[in-house]
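All chains are identified by letter, namely A, B, C and D, in their written order; residue positions are counted from 1 within each chain.
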Amino acid sequence: MQTKKTSKINGRFGEYGGQYIPETLMSEVAKLAKAYEYYRNNSDFQAEMMDLLKNYANRPSLLYYAEKMTNDLGGAQIYFKREDLNHTGSHKINNVIGQILLAKKMGKTRVIAETGAGQHGVATATIAALMGMECEIFMGQVDTKRQALNVYRMKLLGAKVNSITTGTGTLKDAVNAAMQEWSKRTNDTHYVIGSVMGPYPFPTMVSDFQSIISKEIKQQLQDKTGKLPDAVVACVGGGSNAMGAFYHFISEPTVRLIGCEAAGKGVNTQQHAATIERGSVGIFHGMKSKFLQNEDGQIDEVYSISAGLDYPGIGPQHAALADTKRAEYVGITDDEAVAAFEYIARQEGIIAAIESCHAVAYVMKLAPQMKKDQIIVCNLSGRGDKDVAAIARYRGEKIYD
Amino acid sequence: MQTKKTSKINGRFGEYGGQYIPETLMSEVAKLAKAYEYYRNNSDFQAEMMDLLKNYANRPSLLYYAEKMTNDLGGAQIYFKREDLNHTGSHKINNVIGQILLAKKMGKTRVIAETGAGQHGVATATIAALMGMECEIFMGQVDTKRQALNVYRMKLLGAKVNSITTGTGTLKDAVNAAMQEWSKRTNDTHYVIGSVMGPYPFPTMVSDFQSIISKEIKQQLQDKTGKLPDAVVACVGGGSNAMGAFYHFISEPTVRLIGCEAAGKGVNTQQHAATIERGSVGIFHGMKSKFLQNEDGQIDEVYSISAGLDYPGIGPQHAALADTKRAEYVGITDDEAVAAFEYIARQEGIIAAIESCHAVAYVMKLAPQMKKDQIIVCNLSGRGDKDVAAIARYRGEKIYD
Amino acid sequence: MSRQLRDIEERKFMTEKRLRAAFTNQHKAFIGFVTAGDPTFEKSVAAILALAAGGADVIEVGVPFSDPVADGPVIQDADLRAFATGITTTKVFELVGEVRKKSDVSLVLLVYLNNIFKYGYDRFFSKCKQVGIDGVIIPDLPMEERSEVLPFTLKYQCALIPLVAPTSGDRIPQIVQETTGFVYVVSSMGVTGVRSQLDSNLEDMITAIRKSTDAPIAVGFGIHTPEQAAKIAAIADGVIVGSAIVKIIAENTAVTIEKITGYTRQMGAAIHKGDREKNL
Amino acid sequence: MSRQLRDIEERKFMTEKRLRAAFTNQHKAFIGFVTAGDPTFEKSVAAILALAAGGADVIEVGVPFSDPVADGPVIQDADLRAFATGITTTKVFELVGEVRKKSDVSLVLLVYLNNIFKYGYDRFFSKCKQVGIDGVIIPDLPMEERSEVLPFTLKYQCALIPLVAPTSGDRIPQIVQETTGFVYVVSSMGVTGVRSQLDSNLEDMITAIRKSTDAPIAVGFGIHTPEQAAKIAAIADGVIVGSAIVKIIAENTAVTIEKITGYTRQMGAAIHKGDREKNL
């Protein structure tokens, strides 16, 4: 049967993935899948992309040995993959470069994107500016207010920012609005999804674009130590930086893969975003995966101190990695993440994104339990300048820029 | 005569430079000069410094060909030296790594530093954290208020921040206070001056530490084009990023060297910081150089939209380069700098420091007057995330982070 | 016996007799939409009955979803109103049961896949059969994923109404192949909501669909005036009106029910004009 | 003729006779500090005369500077008060002129190098000679840069008073070599301002200085109580008091002038106790 055959190539990860989107978008998504399948093996495209990653985004990012933290924690050797040193300050740019370059090849002249905290929106607006593409960003009204600086940043980069008032006015509503906008106008427009989510080919494509992270880690760690890591730790919102960090280690059975979800005020409260730990299987935003939802399938309002992890779903490949236990997923609370934010600043002089600090927090627990000849690589997905004001407020100081 | 002989080695640049500081500091400064003269030729020290520059600060920084701007301006080829991609987001870290490493070799356990906007303070606090040094930062009260986020950032990094209420409560008062603090406690403390200023050996030492910028530019441009640049453009506050960018080109007579000062609201108003254009020779902060001052030698209150250029003096070597006309110095107004800030964001997707945008603004004037086979290298001394709120306010939007 | 009716008879299963019948009584079908539970359980029952009373041939009952990606602001707001009074999937079925006590009108559900998935595919379609639901429209289920629910719609003889969009193009033959119920033609890109102008390639789309299926074709998305409806009726088998009705419900006044009946009559008249002309 | 006086006679130039004389009248010198123009031109003239009346041997007149790096908050504030009434270098010389109309006390200027530089070295020291300034203390001029002004101090016979700090160590011989006027010993690290405790190695410093010069040695920075002054006087040739006096001036009341005279007498008594004992 045609449908069965098609669904086999629709990027399934176990039962997860698929293309659950309105027919208004299907033919565009199919076109995208085809284009992507062509260009992923096209050496000119790959070369052009590598050139941008290298000469614009500042890759490769450093693999940094955190000697002070290693000594202080007294266990495994800790390395940080410094995605915070990329242009625009996070891993998001890896994906955006790939997608906008692809969009350009497809003849698009306009890109749209959702954004929560603004990181993905800023990255998209940045590459759109560089490539001379029109750019519109969709952002929940609540987020436009609490991230006003990022809104202005996107405008500076020439993007139009739409404030979304529907639903909870946060990230998932921004995704809804961006999908709706795309379903209105696909002929000249590509929707740059910001994580390993959405319908096929997005989870596969974004994961491919982010896989450069683990490719570099593997090579760099080999050069420095001649070894594979014993554990790779990354935070998980939609899951793109984690997929990027895991990718080339999935087939290495000795490497533990650990994703750190936002446990907010605790997974036993109503205020968290711990999808793997507390979610259930569902179908939303174009994919079958795990979601935080009620028994009727209504999507939950979620919470995390970290705007980048504040999403009720997770990429389908993570759901599959969790099911097969190839990767472990742990919840990190706001308190733990903030403590890690402060710890890494003081120990290593690195102000890391609060998202990334969810991973750092787990490293603080894990390292002392491991042996001194073992190696943890922790992905620092972004820099934390954007978070300093919020952390100050968390600590009771009133600070405005 | 002893004094004459000594003054000869005191790092004079023409008539400028010297060591005009209280006797309470002289023996420490002399010790520092001696230590520096030793370590600058010590290969272990140099190797350790290079390791930090490479594996922590993220050097070499990119030399980026700005194709869109080049095409848009229609003249010389424009390259940006991307110091904004360094860890902590500016060139300041090059100097701080050098000085704190030196301080450590000298047996110091504590560093102090002045800061205006907070960039140098953050860089100092960062390396102090990394190297396990105690750190105290001196910052004018006016600046601590308008840069509250940077104050918190420094605290996060473990530094103590002293708010200075004397004088105008800005950068020069912070320098005064840091010097005073140093004169109280030199035995365990090094004063990390943030630019190519102060008494010998500071201007020489800081210039050496920053010279890696032009060393890399020369090599990178050679690799890319086989040529020398026709012009090197950099903003000038104290002058450290400009000295770093000029350094290896001073002996290349075909390379125009252009420093861009803050002309604020115009050099014909009272609100600017255009030291070379409007200043006169004086002796202050340990050096003979050019200063904005009244006829009695009282130091002026200066102004620029850019906190990093808001200093009434300039490094002595710049004063000498201006006298001999080896370098040119031009004034860029707030309006021009803000326009450049917006222009480079939209053209290249780069949000550059408002300081650096003084150089970009001059590139916008210069490039169209040059031939298409000519090359301008513009030093992007830092990233502009810190400036977004101020630019928004400048444009009449009320934005707080 | 009409050709359409004959076709139905020939099919392997007879799930959607009532639904197909709506298209066969010598006139074009008028299909109206109501969000279940908007603004209250009772009032939406009344609205459905008012549509039926006004002559609607099929009524599409919307199952509220937290994130209705295919719907515009009008229906999104209706969902929020319904949630405010505590609507659940279970209650939607109860609501259909209430309607069935008083009307035999053909009912279909507009429901996002996750609501069905979480309820359980088997349980959901079994319940549909039990309460008298003739078909489902699942906006986020393209043909690529249809095999996910097809076994259950077949088992419980519930029509799985396929959607065709202006961009469907080459996909049409596959989409409409083995259509049960009717084909839902999305008249314009984007989301639900009233529009002053409809897309121009509607005729081409309908021609393309007719090449691949005999199933009736209803057109929706953006239709609200009698003039628009009449034009659509001239080329399609049915007209679907959603947001325009939901907007009347949103007014929530003493005369809302009358207004719905009146509007339905007015739209019906415009749509059936052609029928009458044919019947002359 | 004392050894000190003989030394002076033997010098090539006789710039600072009055200044050296302050140290030779069989008692230790008391040196008081006033910021020129603080809180007004007239009042600072009065304060200087009050110091003289109270028996101060030398008066240090501070030329206000926008950025007095070697001074603590007390003197910084005095500078700000003086600026507020429009003090300039020219006015400082006028002020000295006013003092000279009424007093022959030895006067030295405490002046940052930039003020001198901008006034012009030659012009400045010529003016010093003209108004009767016996010496200058330049806090930001270490021996390394002394050659910059030396030709002019020599030309106009103005003492260039060198400063020795607790950290000077090996530098002392060079610093005090060819001292004109007296040696200013900075008793503690840091900036001017009253201190409850003084550094401990004062005796060692003085011993080291005496090895290299016969010039009198005055100690300053932090001294404010008669007890401190007495202790210093026991080992040095003079005691310098700055911030303590400036604090009295800052009170700016009807009795300020009397208070200054009183304080000066009190400090003088403590300092001269040793003299008297010796004279018994």
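Note that in this section a contact is a pair of C-beta atoms (placed from the backbone, for glycine too) under 8 Å apart; a residue touches a chain by one contact, two chains touch by 3 or more.
None of the values given here were measured: they were computed from a predicted structure.
Novice: Mind listing the chains that sit against chain A and also against chain C?
Specialist: Per touch definition, common to chain A and chain C: zero chains.
Novice: Based on which chains touch which, give the shortest step count from chain A to chain D.
Specialist: The fewest steps needed to get from chain A to chain D is 2.
Novice: Which chain has its C-alpha centroid at the greatest distance from the C-alpha centroid of chain D?
Specialist: Measuring from the centre of chain D, the most distant chain centre belongs to C.
Novice: Just give me the whole-number Å value for how far the CA centre of chain A lies from that of chain B.
Specialist: That gives a centre separation of 35 Å.
Novice: When the centre of a chain is set as the mean of its C-alpha atoms, what distance in Å lies between chain C and chain D?
Specialist: That pair's centroid distance is 99 Å.
Novice: Could you state the distance in Å from the CA-based centre of chain B to that of chain C?
Specialist: Their C-alpha centroids are separated by 68 Å.
Novice: In whole angstrom, how far does the Cα centroid of chain B sit from the Cα centroid of chain D?
Specialist: Chain centroid spacing, chain B to chain D, equals 38 Å.
Novice: Would you pick out the residues of chain D that each touch at least 2 other chains?
Specialist: Not one residue in chain D touches at least two other chains.
Novice: Give me the residues of chain A that touch two or more other chains.
Specialist: Within chain A, no residue contacts more than one other chain.
Novice: Take each protein chain as a node, join two nodes whenever their chains touch, and name the resulting shape: line, ring, star, complete or other.
Specialist: line
Novice: Output every touching chain pair, sorted by label.
Specialist: All chain pairs meeting the touch criterion are A-B, A-C, B-D.
Novice: In the complex, go through chain D and note every residue touching chain B.
Specialist: Chain D reaches chain B through residues 65-70, 72-73, 76, 83, 88-89, 112-119, 139-147, 150, 162-171, 174-175, 186, 189-191.
Novice: Can you tell me which positions in chain B touch chain A when the two form their complex?
Specialist: Against chain A, the touching part of chain B is residues 55-56, 58, 62, 64-65, 68, 82, 85, 87-89, 125-130, 132, 148-149, 152-153, 156-158, 341-342, 345-351, 385-386, 388-389, 391-392, 397, 399-401.
Novice: Which positions of chain B touch chain D when the two form their complex?
Specialist: Touching chain D from chain B are residues 1-4, 6-7, 10, 18-24, 26-28, 30, 166-167, 172-173, 176, 179-180, 183-186, 280-286, 291, 293, 295-299.
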